[in-house]
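Can you read through this structure? Questions will come right after.
Letters are used for the chains, namely A, B and C, taken in the order the chains are written, and counting of residues starts over at 1 for each.
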Amino acid sequence: MATVVTLERPFNFEIGGYADHSTPLVKNCWYVAGTSSEISRDIISRRFLGVDVALYRTLDGRPAAVRNRCPHRSFPLAKGRLDGDILVCGYHGMQFDPSGRCAKMPSMPIVPTNANVRSFPIAERSPLVWIWMGDPDQADETLIPATPWLNSSEFKSVGGTFQLNSDYVSMHENLLDQTHFPFLHPGTVGTPEYARSKLDVRQEGDVIIIDRILKNSPPPGIYGVPTGLMGKPVDRLSEARFVSPGMHVAFAKIVDHEPEQGKPSTYRFNITHLITPETNGRIHYWWFNSRDSKLGDLEVDAFMVKASNQAYTEDVDALEWILQVVEKTQSHSLTSISRRTSRDS
Amino acid sequence: MATVVTLERPFNFEIGGYADHSTPLVKNCWYVAGTSSEISRDIISRRFLGVDVALYRTLDGRPAAVRNRCPHRSFPLAKGRLDGDILVCGYHGMQFDPSGRCAKMPSMPIVPTNANVRSFPIAERSPLVWIWMGDPDQADETLIPATPWLNSSEFKSVGGTFQLNSDYVSMHENLLDQTHFPFLHPGTVGTPEYARSKLDVRQEGDVIIIDRILKNSPPPGIYGVPTGLMGKPVDRLSEARFVSPGMHVAFAKIVDHEPEQGKPSTYRFNITHLITPETNGRIHYWWFNSRDSKLGDLEVDAFMVKASNQAYTEDVDALEWILQVVEKTQSHSLTSISRRTSRDS
Amino acid sequence: MATVVTLERPFNFEIGGYADHSTPLVKNCWYVAGTSSEISRDIISRRFLGVDVALYRTLDGRPAAVRNRCPHRSFPLAKGRLDGDILVCGYHGMQFDPSGRCAKMPSMPIVPTNANVRSFPIAERSPLVWIWMGDPDQADETLIPATPWLNSSEFKSVGGTFQLNSDYVSMHENLLDQTHFPFLHPGTVGTPEYARSKLDVRQEGDVIIIDRILKNSPPPGIYGVPTGLMGKPVDRLSEARFVSPGMHVAFAKIVDHEPEQGKPSTYRFNITHLITPETNGRIHYWWFNSRDSKLGDLEVDAFMVKASNQAYTEDVDALEWILQVVEKTQSHSLTSISRRTSRDS
């Protein structure tokens, strides 16, 4: 069921070395354009893979995406207005349908046939809206990663969003290498034992999966508080899945071998990370934390939001600092000369 | 009487394609440096065609313009002070007369003969001060565009100024193509009928003129309110004149074929647009709206300022958005790779 | 005793022309990294010659300096924490000793032998801490410029610090060419007579020294107020010493040939300027003003701080304006065309 992407050939062979902030963006991939509630009848603009896109909904509620640049005089179409399903440019009133076809040019008696704006494949999988910035012929909607837990009555999800000055490669590295938990997130997801937990890497198609097991160890706050198991030794199983350049999912399981009466022995937390590059140095980031216990407990909701935002803010800060360090080094094209030194006599 | 400029050969032939934000700046042309009231005994600095200029008045009131950079240690001369007609650098006290000739170097017994600062031809045609940034030998003051309505007792003028991140080509396009009026300025100068009004393009020397006639149609607010003709069908004649890269003038005429007793049948509005590029991406912009009716009516003055500023702010916003769109596209030197996608089995 | 530096060959011969803001930074030189009180157990980061450095003290109080970039994932080490003398990276907990050697990698059973961070020679000469950014093998501590007056009971010193957008060459020029005093600092260190005072240039090893003598002239406020000699003609002797790219010292002497009873006939003021380039366009700057009179007078302390900060703020403003002027000119890669003009007939 997982969506898989295949590079024509291993990436490193093409450009040499490891992936980093200068690694090319991957266009033929579904990325999250926004949450369902972010896209409405009020046109918004967002930048995806270097391209500004105007996002809105048609009268029947379907999301639509066209390039945020009128082909006439480059006016940003998101500053225009909707007339039914027609997007009207705010400068000279040129009109476009959701496919990007020009429907009318007010100052001309005929409709120009080649003054169209590029549209993008877009599809809703509530609570997410996905966009395809690559070759439209390859935009197969069955490749959209499935996230059934975000819509299931068995789970309760909370979420949030960031825009950060980082690159998608560093973001994925951060999500895959959980040995940073005890150091960057000591107050939420990290415990001292976690850095040394057993780890196993495997591949399912093109999905890279890292399994970690930490047995008989008290859980960190983000799992301990909602389960009521703070301080109690439990088993913690984590399955971190690199699904595509646009998505990472972590399935965490807390197993209590001696549950109190009436309490479950297993608690599941599915953490969904959605990563959409604006450019090589800036990314949209949405996160969801879905749990299968205390579904109706609003205090647990509030705790999960607070603890998650604390941990992800720590990640965001770290990733932004790192890009600053890397960019400073690159920009330091300083000329300098060496000089012999001697002592005054 | 109109001032005319001649390109040696048609511009597009030289660099290919249409003019746009990267079109070279035209140096051999009179540009407005400021209004008469902006230039005083307090030295100010402004950037024209990429060059910083220090502007001030001599004791007898004549405007003076020299490069805002001391030839000695590059100190900005506008940060210095005036000693009579002598501009004294604020760093080492070097002195320059209004022609840019060094008059004294305090720490030297003799005056250096070749440490001069460049001066620029400058001339006042109240309420405007014009500067010539090109070859001084070609700075013929008779080429300064005439604006008699700004000084005539037959007209009352109001005006304002903007500095905007745009280019002079987009600004002129905006002024020449009035089909944007109903869409960008529905509340002030645009009416639905105007986009389809009859239009005629002609040339007088090097001045490009676009005539538009819209007959028997209610005027927009900016003409309807000061004439008291809101809602009444009138004829609207507009003559938009591209005078030079530094100036555009629009002569509008409202004709009321059935005037009330004692009211005029014709109302004239001369709109003067003065455009001075700072760089290819930033321009100084001054506007004046001159009318031949209700000359002493301060309420009409206030309305004209308010409505004009509303319309020109809409223009400024649009032009800045467009340059952002264009520059974003140019900077998006994003590397990206395509990738085949396949479904997981 | 003075420290001297020798260029392998005269600088101008290598790159042509005079030194300016684009002159290469000199790496093999001791620069001030901070004052003794700025460097503590709280890690700070500063940029020296284009390289970010993390600065801290070990448990026994010695200053330490390592590159502010973890060799693992480029996290800024100054955002980590100290565990005794060990610097712990805030991302994955990698540990480094003050020499930059990796002491531990928490998620690995063995310590990697080649994952070290660069450290820099650093030495304290209270109240200054000096760093060497060049070839470590040449970091001879005996080359650190001596500043005994900053530690002597015969002097009382006050000081301050700036970070400014300028280059070290312009800063040194400003300090060497005191003819700007009457124009840029009329309220503090400049008097009208000073621009024309006799001047003598000499060389001691590689130290360039400019002697100025102004006889029988009232002192400026910065010397007149603390000596109580405002308005009284005195001799003013100044020895401006270009010690190295990182340091300039001015020894000023005020001689009162007719001292009041019980008053000294000579007053000394040693002014220490410490200049550390961050880049070619930004510098750290520390100043100290040391006097040999009224050592315990707190009002004189306060006056010296106020007057010095006023004068050095004037210098800082001037130097920043100059770099802006220079950079604007360089960036003004504006294309422009000439055009013939003709008059309309």
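Everything below uses one rule, namely that a contact is a pair of C-beta atoms (placed from the backbone, for glycine too) under 8 Å apart; a residue touches a chain by one contact, two chains touch by 3 or more.
Given the structure is predicted, the values throughout are model-derived calculations rather than measurements.
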{"item": "Chain copies touching (chain B, chain C) - same or different residues, decided at half shared", "value": "different"}
{"item": "Between chain A and its twin chain C, rotation from the CA superposition, multiple of 5 degrees", "value": "120"}
{"item": "Centre-of-Cα separation between chain C and chain B, whole angstrom", "value": "46"}
{"item": "Interface hub residues of chain B, defined as touching at least two other chains", "value": "none"}
{"item": "Complex interface listing, chain A residues touching chain C", "value": "173, 177, 179-180, 182-184, 195-196, 318, 321-322, 324-326, 328-329, 332, 334-345"}
{"item": "Contact footprint of chain C on chain B as seen in their complex", "value": "1-8, 11, 14, 22, 24-29, 47, 49-52, 68-69, 73-76, 79, 88-93, 106-107, 134-135, 138, 140, 142-143, 204-207, 279-280"}
